[in-house]
Every structure is written in structure tokens, then in C-alpha cells.
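In what follows, chain A forms one complex with chain B and a second complex with chain C.
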Partner chain A sequence: MQISGSKKLQNSESTGWLMAFPATAIIGLFIIVPFLLGFYFAFTNQRFISPNPTEYVGTSNFHQLLDLGVLTLEPERDAATQEIKKDASGAAAYPTVRSLTRNNSEMPYYDGMREWFSWHSGDNIKVVVARDVVFMKAIVNTFLFVLITAPLQGGLALLLAMMINQKLPGINIFRTIYFMPVVVSIVVVSLLWRFIYSGDNGLLNAILGFFTFGTFKPVDWLGNSATALPSIIAMSIWQAVGFHMVIWLSGLQTIPVSLYEAADIEGATGWQKFRFVTWPGLRNTAILVLVVITMQAFTLFSQIAVMTQGGPVDATQTIVFQAVQHGYAKQDIATGSAISVILFIIVITISLIQRYLTREKLT
Partner chain B sequence: MSTSTSSLRPSRWRYLPLVLVAIVFIFPLEFMIMSSLKPSQQLLSDTNSFRAFLPVGSISLDNYYAAFARAPVGLFLFNSVFITATTVVLALFLCSISAFSFVFLQWRGRDTILTILLTTLVIPIEIIAVPLLLLVNQLPWVGLHGLTFGWLNSYQVQIIPFSADALSVFLFVQYFKDLPKELIEAARIEGASWWQIYYKVIMPLAGPVTATAAILKFLAMYNQFLWPLMVTQAEQYRPVMIGLQYFFQLNIAWGEVMAYLTLITVPVLIFYLVLQRAFIASIASTGIKG
Partner chain C sequence: MKKLIFGGAMLASLLASTAAFAATDLTMWYHGAGNDVEKKIVNTIIDDFNKSQADFAVKLEQFPQAAYNDSVTAAAVAGKLPDILDVDGPVMPGWAWAGYMAPLTVDPAAYAKFLPGPIGTYNGKVYSVGLWDAAVAMVARKSVLDANGIRIPTIEKPWTGEEFDAALAKLQASGKFEYPLDLGMAWKGEWYPYAFSPFLQSFGGDIVNRDGYKTADGSLNGPAAVKFGAWWQHLFKDKLAPGTSQSPADRDNGFAAGKYAISWNGNWAALGALKAHDDVIFLPAPDFGKGPKIGAASWQFGVSATGKHQDGANKFIQFALQDKYLTAFSDGIGLIAPTPESAAASINYKKGGPMEAYFGLSKAQALLRPVYPGYSVAAKVFEKALADISNGSEVQPTLDAAADEITKDIAKNKNYTK
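This part shows the complex of A and B:
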């Protein structure tokens, strides 16, 4: 007994290694190694192809991407009276941002920065300047996308799941239909919707025109910086909501029917049943759905690449699109890696915060 | 009387919101298929009316012929099917056998390695794509031309990095954990080797999880975009999603675009409609276990 036991163990030691090795090696080489390489490249000047050896450059890639500053522009004053000089239309004259950020030896930190946005503060203008304005816009757009998509898509998915969870004949047909866009490539969906959103012959404009009896003025949905990102959000939700509907549905079906029967006997309203039976029973599902949507939303890329290329005027730039622009299109592996590292830190932080907050709220 | 009508009516009205939502999900795809049958000119003018959703006017397969004439569509389809099928088969084998080892066999470092592998679930491809691009450009390969370096523009660069993944390993591990251990012990007593137990005892029981892993992998691979975009500059190795670029010259021929989109989407939709229970169950199972 003793002998056969140790022989069995020995046998399983080498066989175990052998069986687990291929998958482990592939995940190690193609996920873990590039992940660690990314952290390394982010602190170098690595390019895709370069005659010069790679050098360690410290945090300069991160400074290049993330440096921010605030400049105060004071109106030009009359040297003698200190009165603000005004031009013919009564507007005060301000020095240009360029005059402060170009070859200005007094403020070397600001050298090369460009205006991101500004506001009036008394007589002065405050200008936020950034070393990489496009990347700043990409960060803001990505956060906007996540902050709007996560609750909206999660909520709509729950609504659909509750509609599908009714006991009606033929209900599975609707489940099948709602889930259908999930199996269609986001690339295909993006192209199709590019046509639907088109300003000239777009289907959406035609439909809105029909329901408003022609009073609706056609909009170039993707060509307008105010509507481009919301349009991409709406389409992304349309494509993915079925996925999360199915996850909610499997959560809903774990809630015992007896709880609803008890609530009926107590005379609970529909809302009370949702508030005190359904929602508490979906706690784990809610966390999962939120985390999954957030993770997916942060990696927004295909829709941008197919529909807008980041435009118009950077209104749809995103973090991953910038990573690909630098790392692939410009062959600047170092900056692309630095962006990936920034994204990873954001994603990990958010999902930890989200897990923490969701737990607090639901218990 | 009023009670009998009110008890009948609501059940029928309950379908109304369901149907309205269904229209929102169906109409863009239906529009795509209808448009693929119309000349570009008619397609553009039809969007002003309900004709957009109907097979009316001059209906033909001309757009499909034109799409094949414009781009090597057959090649792209072959590439996609070949890459997807090979990756799915490899991933099912490698991930199931490693999960088998992680769950049933005893070996040093097993739990540590499994933990590290499962941690990679939080690393999406978008985060590693840029450094991975540089890495694959340095890797050696032994092929028809002997030893070469750099995997760009090849099939292997689209297959091997995805031939094992944490999600598939995770799905198999979860499933195997719930199988009765007595099965293994009985087979060991009869003198079966671990390899025999894997393919004669365990895998025949693993139908549901294999279907789940296969469907998830199939969708991920066939619909992949970012990675093939970065690694296939050569037409010869491009999959269907990258082949789309051929239809965006100066004047976009929307009829041909719709034909191409229909061509690469409808097979997946049919596949889904036939196996819809398995598709939906596969997503649901990631939810329950996750």
C-alpha cells in the first residue's frame, strides 16, 4: 500500500507537469511576458525598429503623456495707470499661451505645452496646459464612455432580463433576438451603424424625421463633436446589452420563487418585490456585471477605429486608440507601452474601488 | 364581464414592449441583409422610407459578385475559418488537459501556477498588444524557409498566442472540480494511465463545458480585430475583419460593403440560431461561476 502510494505520486508528478506545461508556457510567453515587458518598455525609448540601442529614460514617457500645468494670463495693462487696455470692441488683450510655453527660460516646465481648456477668473484667464492634449482628451473621453455606459448598459440589461424572465409562451424567441447582436462582430456593427448614423442618407435621420413628421433636422451624428461619442455609446450598448442580460437572467433565476409567493401573500407591490426580493438576490451578479462592463468599456477601440478615427477634433479619442496610434502606427513601442501601463493602473484601481463600493452599498 | 376582459387583455399587452424592443435589435441587421441585395444608388434613396427594410426594387446578387471581384474575399474567409478552427481545437485540448492536471494530479508548484494563470484573466489583449507586437517580431520559427525570425504576416502569429487562455482553463477547472473523484480512483485501480483517464473517462463527461469554451473561443477569435490589424500587413494572411479595408476607397460602394458584411456575419448568425441554447448557456455559465 505504502509503495503503490508513493509510486502513484511520483508518476503524477512528472505527468502533471507535462500535461500543464503547454498551456502554462503559452499563457506565460504571450500574456505574462509581454505584460512585464510593457512595464519595462515604458521606462525606455524602445522603438519597433531602431539602429540605436534601447536606453533607460526614467519616467520621461509618463511626463510626456501626463504633465499638466495651470497658467494665469493677466490682461495687458497701461504701464502708467494700471488700467486694462481695451481694444475697439471693448475686449481686453491677453498674452498668448504660446508666448509663455515657447522658449520661456523662466518656466522651463511649461516648455512645449499646449492649451487644453481655459476659463475666466476675474480679470484673468486661467489656462490648463498639457504636454499631450490629445492624450488628456482620450482619458476624459474614455472615462465619459465608462461612466455613461456602465450604469446605462447594466440597467438596461437588467430591465431586459426582467422582461425575459416573465412566464409567457414563446418568451425564448425574444431572448434569442435580444442576444443576437452579441454574436455579431463589433467591427461589422460599427460599419453598419456608420451608415445608419450618416448625415446625408442615414437611416436614423430618416426614422426620426418620420416620427416627427419631418420637423427633425438631419444630424451628421458621427461628424459632430457633440454627438459623436454619445452615438458610439448608444451603438455599443445596443451590441453588448444582450450579453449582460443573460448574466442578469442567470442571477434572477437563482432567486427562489417561494420568496415572490411570500411577498404576494404579504400584498407587496411590484416595486416592493423588486426592492426587497429581486435586488438583494442579485448582489453578486450586480458586482460581476459592473466589473465586466467597466473592463470592456475601458478598452474601447474597434468602434473608434472603424467609425471616427478619434475625430471630429479628438472628440472620440480613447486611451487604447492612442496606445495603438503610438505603439503601432508611429512604431513608438515605449510610449504605447507607457499608455498601456497607465490604462492597466486605472483599470485595476477602478475595479478594486468598484468591488469595495458595491459591497458596502448592498450589505 | 369587465373582469373577464381585463384578465385576458393584460397577457396579450405584455407582448407589446417585448416586440418593440425586438424590433430595435432586429432592424439594423435586417436592413444590412436587404441592402446587400440592392444597387448602391437605390440603397441610398431607399433609406428615406420603409423600403429600406423591404426586398423591393431591383434585387440581385450583383453586390456579392462585385465584392468578390474587388477583394480576395474567398481567401479572407478561408483565413478566418482556418485560424479560428485551429485555435479553438488547440485551446480546447491544451486548456482541458492542463485543467485536468490542475484538478486531479498532485505535483509541486501546482496551486501557485494555477493562481498565476488565473490572475491573467484581468489582463485584456489591448493592454499587452503593443509589447506583444515587439515580442512576436523577435521570435524564431522553423518553416518552409528554414529558420526565420519574426512572426509578423503569418498564420502562427494569429494562432499560437491564443491557443491557451486563462478563461478556458478556468472553465474546465470549475467543471472538473464538480466531477466525482471516485471515477478517477476506480480507473487508477484498474491500471489506467493518467492520459487514458483524461481522454477515456473525463473528456467524454466534459461535453457541456467543452461546448461553452468552444463557443466563447470561437466568438473571440472570429471577431478579433486589433491583433490581426497589427500583425497582418500582407494580404495573404488577413482575416475577414481586416479585409473590410478593401471596401473603403474614395467612393464607398455601400452595396458591396453590405454584401461583404452580410457574407461574414450570416454564417455566424445561422450558427447561433441553430445552437442558441448552447450559446446563451455559455455566457450564463461564465456569469454564475465568475
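This part shows the complex of A and C:
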């Protein structure tokens, strides 16, 4: 009787669905529905607080964020001779970008656009203008962050993993120390590093001053647009390196010791052992670490929110920080969603490229 | 006999329950969770109100300030707003526009004597009234100003822009301070529009054109605003004030520690300054051409539009506007008592009291932040523009971009009309 009862339970399809229901419902409600809503909101004018009904606005949110243009500024010429007017120092005078992009009915597309960057081309100046310069800077900063963080963090983590993958007394202490920053909340870590980077009495300035016998001039690390992003990159690499170290370590420990013994018998050098035994054995781990670091780096937010708020002068703006600024602080859910959609497209494209490049090649 | 006792008990319990039923419960939300002094004062008002009449019983629910606005928004979406709301002055128009709040029906005589700051008016109707106001002043030491030969400004004759700049230059030249002026750049967020937009307004600009609230073009990027921007940038370029990377600790203790000569700070920090030095004076804002200005409005009480017992909520707010409660808040947390009587009865703002100057400042110089539902957006845009300019961003394009963003937001929301 009991046996047939449990059999009935095993065969019943509805029971299976019932058991899967809690997890399915939670994932659906908190992951799939918000994800789809994000796509929907990106094409509307949804606001955080508003008595107005939500309206479909097409792709205007994306235009607002991504529109670019190139302006050519010609130097002012003498009306008669067509020669370029020059001032006392020999510099030519150019019209301002503002005079072309503000209240200029001849070029409606450029209305309200701002200079992103420019270069000289002969006598003219070419100016790339963007409708949302801050967002453009955010994209550039985010890519810079990913491009520097991914190889450095991955490489450093591998180095640490190989160093602690030895049977030495007390090695667990080092493992714990390296892993500690991962366990501490990123907000707390960011706050602490704000003190370390502080311009007047920060720890970093004090140490550098001490080792250079006071010749080092204190730098306001986070208040200077040249050092702000590198400072955040350094701190972020330090913070998460322990996590990836553990993943590398698990990969290292799956490599059979017999392979190293065989290599020793063959008389392989240390480098050859790494190149031909360790690295091929870490192939899948490497893909995982690379993909995880890339995706984490693209969502850079907490460090920025705590340490710089995107400043000074947009030197540390990032895509996710902009999404939160628009969607939450400025109550413009629609633009925030549009930024999230753009980020989703960027990340999925890069992940697919990574998948393709690291695919199993059939020989 | 048994029956009689039973019947009596029935009758008694029936009476008791009708008495309980007669008092309708009103919920009230307050932003000050974690502050025992505030809680005590609010509870005193509630207890007194509940005892004073039998129709309504107010119940208090407290939230931490950082989560308060989100909780109200979430409750509004879920249709569960409390009867009585507590709202930050500049946020009120947004909530009124969104339909969270109803205009007050409190007798206007109850707040006739109030300073203008604590009265929240939107579209010609009063939506909220505060039991206090806050004010900002330049905190300085008399001995320092005297030693450097700097005239002490008064409300009648504040510093002009040139005098202010000359004073800062003198203080810098004295070599005794890290920076002559502390603006509080470490306090990100609402402090920027609250404390710094009055400078812009004194120059003749504004965050948004208040005539109809349809555009910021010309107000935030016009000639007056650009003049302000250039002055603002020079404060940081010439090392007269610490910039955005100022540490919060320096902001809190810098004046007391003698790092800064003048601190642009709110009345809530005044008691600390008075403790640090024995010759602290509070100076009015400088006049850059269009009169000296400081920001006004703090947290205020209002009635939710969806509450079923708005009459009771209004009764409670009217009850809370008594002078004794205004004085209690002022004494308890150092805020400005908003009527002459309550100020006279308070410890800090009475005649000869240590912070008396603030009452006069609030009365003479206070200007509300732009009263329109898009203010919270404009405030963020303005904050970023000021931070960027202080960090060396070119003034005109930065203000252009800020003005455009504010104007676009207004258009996107159909001029914030319903």
C-alpha cells in the first residue's frame, strides 16, 4: 500500500510542478518579470512618481542617450581676402559649439548637444558632439574599467592561487587573509578606502611620504580627475581578487599530481610545467573566471556611489551609476530602464564573443 | 440577581466598546526613527491630542529618514498611505501633484504668525505646515574678524559680494587657516541646492524660472547665473574653500579645530560651534546684488489624500501648532521656533539667547526652494552642475546642460500640470 502510494507520487506530473512552484514563482516574480518590465519601460515615459498615464514613446529614450554627431568648426576668415583671422598670439578664432547647438533652427538635430571630444583637422576643428555626454563618458569609463580589471584581477588571482597551493605550515592563514576583503561588505570597504585615499591625511599619502622621506607631495586621489578612476580600479582589484583566487585554487587542485610527476621525470622546467600542464588543466576555470570578472566589472556601482558619486567632472561615471541616477535619483524610470537595456545588450554581446573565442575546437 | 449582574456587565461592556469605537484610529508617519528626543516630543503631542477629545486616536509609526520617502511612495502605490504624513518642504509639491496629499483645512489663524518658511503652499493652497524651520548662516569668530580688520555684517547691512571676497582674501593672507571658507562640500545631496542656490538667487539667477515653472533656460544659464558660476569656480581655484573631496569629519570639526575661519552651516550645528569657541557669531548671507538669501522650509505635517478621516487629521495638525510644542521642538533639537511667542519662550532663540540671530535671518532672508513637483529632479541636476564647476568644468556649457536637462524634464512631464 505504502509502496504504491509513493509510486503514484513519483509518477504524478502535477506533484512535480507543485514542488517546482515556489522556486519558479520567486524567480518569475523577482527576476523574469522585472527583466521584461525593464524592456517595456525603456520604450515608455514611465516616471517614479506621476499622476500622468504611462505612454509609449518609441525609441526616444535611446536617442536621448546615444545620439552622436560630428561638427566641423571653420576658423573665422576675413570677408575680403578669405584669410584666416589670427589674434596677437597667432591663434585662429573659432565659433563656439554652443553657438551652433543652441537655438539654431538650421541644425535641429544638433539642438542641445554638447562637446564630447575634438581634434584639429587642417585649419578646421572636428568636434564630436553627443546628446548625453555624461552617458558617453560612463560607457568609456566602464569599458576602461573592464579592460584593466579583467586581466589584472584574473592574473593576480592566479598568482595568489599558485602561491597558496603549497603544502606549507600555516598556509590557511594566508588563504584567509587573501579572502577576507571578499567577505566584508563592499560599502564598508569603499568607506575605508576613502580614508586611505584621503587627500590631506590619508594613509596612502602618509606611506608614500614616509618612504620618499617627505619628498612626495600629497595627492587628492579621489578628488583629481586623473587619479580617481585608477584609484577605484586598484581598490576594486584588491577587493575581489580573493574570490577569484579561490576559484583558481579549486581548478589547480583538480589537476592530477601524476602529471607533474611525469613532467619532472621528463626534466621539465618550472615554466614548462606551467605552460604545458597547469595552464591546459585550468582551461575551463579560466573561462569561468574571465566571464565572471567581465560581468561583475560591467556592473560597477557601489564603489562609485560611496567614493566619488561619478565625479570629479564625470571622471568616474559608470553605466550602472547612471542607470541609478536617472531611474532613482531623477525619478526617470524610463531612461534608467533604457540604460539597463543597453548594458544588457553590451554584456550579452561580449559574453557571446567570449563563448565563441573559448569554444571547444573540434580537431 | 444573577441575571441582573449579567445584564449590567453586558451593558457596561457595550458602553465600553462604543466608547472605544467612537475614537477613530488615525495613523501618523514620522521620519525621525532613532531620535529619542523627537519621538518623545511627538508622543507628547499625540497623547495630549488623544486626551483632549474623544473622536480620534492618533497612532505614531516611525521611519528612518533615509527610507522615509521611499516608504511613502511604496505605500502610495499600494494604496496604504497613513492619515497624517510628514513631508520635507521641497518634496511636498511633488506629492501633492502625484495625488498623495490633500490641501489642509486647518484654520489659517493657527499659522498666521508663523515665519514664511514652515508653510507649504502649492498652487495657491496650503498642503503642509511645519513646527519649525531651519536656517543657514556664516559661522565665524569675532576675534578673528577683528584681528583681520573685517567689518562685522548685520542683517540690515550684510556684506556685499566684493566685501565678502575681500574678507576671504584677507583671511587667506593671514596664513592661519587651511581654508578661509568652509561651504560643506562634503555634504552631498540636498545640502547643495538648499545651501548654495541662495547664492545663485542673490546674483539674480535661479534653478528654474519661477514664472510658470516651464523652463530653466535663462535662469540657470543666463548672464547672472554665469557670473555666479565664475565666482563659485574661483572659490575653489583660488583655494578659498575645500572642494568636493572634503572629508565629512573636516566638515563637522574643521571650524572648531581652527582649520576654517568661516563656516557656512545650518542652525543645527550652531550649538557645537558655540561650545568650541566663546566668541562665535552668526553672520547673515552676503548680498551679491539681488539681496541676501538663505534657503527655507524643513519637515512639515500634511494630510494624505486617500485617508478616510481627513477632518481628524486636520484637527490633529491644528492641535500640534500650539506655541508650547513649537518651543519643545526648538529646545529639544535646536530648530528654529517659527512664531515670535514660541521663539521668545525657547532657550536658544529668546532675546539674548545664543542662536537668536537665526530667527531674524530666517525672517529677513529666507527664500523657498522652487515650489514645483519637478524640484527633486532639478535639485539633482543643480547639485551635479555645482560639483562639476567646482572641479574646473567650464561654466557656461555646464550651466547650459543643466538648464536643458531641467527644461526637458518639465516638458517630459507635461509642465507638471495634471
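A few notes on this one:
Simple rule for what comes next: the second predicted complex is superposed on the first by the 347 of 363 C-alpha atoms of A that agree within 3 Å, B and C clash if a C-alpha of one lies under 4 Å from a C-alpha of the other, contacts with A are read in each partner's own complex, and residues count from 1 in each chain.
We adopt the following convention: a residue touches a chain if its C-beta (ideal position, glycine included) is under 8 Å from a C-beta of that chain, and two chains touch if they have at least 3 such contacts.
Note that the structure is a prediction, hence the values are computed from the model and not measured.
When both complexes are superposed on chain A, chain B and chain C end up clashing with one another.
Of the two partner chains placed around the shared chain by superposition, chain B is the only one that A:W193 touches, whereas chain C remains out of contact. By the touch criterion defined above, A:D220 reaches chain C but does not reach chain B.
Contacts of A:E115 after superposition on the shared chain: chain C is touched, whereas chain B is not.
In the superposed pair of complexes, A:Y178 makes contact with chain B only, with no contact to chain C. In the superposition on chain A, A:G154 makes contact with neither chain B nor chain C.
Once the two complexes are laid over each other on the shared chain, residue contacts for A:N45 go to chain C alone; chain B is not touched. Of the two partner chains, chain C is the only one touched by A:V313; chain B is not.
Annotation for chain A, partner touching more residues between chain B and chain C: B. Mapped onto the common chain A, chain C and chain B collide along 61-69, the only clashing stretch among 43-51, 61-69, 205-213 or 259-267.
Chain A residues 48, 195, 200 lie at the interface with chain B in one structure and with chain C in the other.
Residues 73, 76, 94-95, 97-99, 178, 188, 243-245, 247, 250, 376-377, 380-381, 384, 387-388, 391-393, 396-397, 400-401, 404, 408-409, 412-414, 418 of chain C are the ones that touch chain A when the two sit in their complex.
Against chain B, in their complex, chain A makes its touches with residues 8-9, 11-17, 19-24, 26-27, 30-35, 37-38, 41, 46, 48, 160, 163, 166, 168, 171, 174-189, 191-193, 195-196, 200-203, 206, 238, 242-243, 246-247, 249-251, 254, 285, 288, 292, 295, 299, 301-302, 305-306, 320, 323-324, 326-328, 333, 336-337, 339-340, 343-344, 347-348, 351.
Touching chain C in their complex are the following residues of chain A: 45, 47-52, 97-98, 102, 112, 114-115, 133, 194-195, 198-200, 220, 222-223, 225, 309-314, 325, 329-332. The residues of chain B lying in touch with chain A in their complex are 11, 14-15, 17-18, 21-22, 24-26, 28-29, 31-32, 44-45, 47-49, 52, 94-95, 97-98, 100-102, 105-108, 110, 113, 116-117, 120, 122-124, 126-135, 137, 160-166, 169, 188, 193-195, 198, 219, 222-223, 225-226, 229-230, 241, 244, 254, 257-258, 261, 264-265, 268-269, 271-273, 276, 279-280, 283-288, 290.
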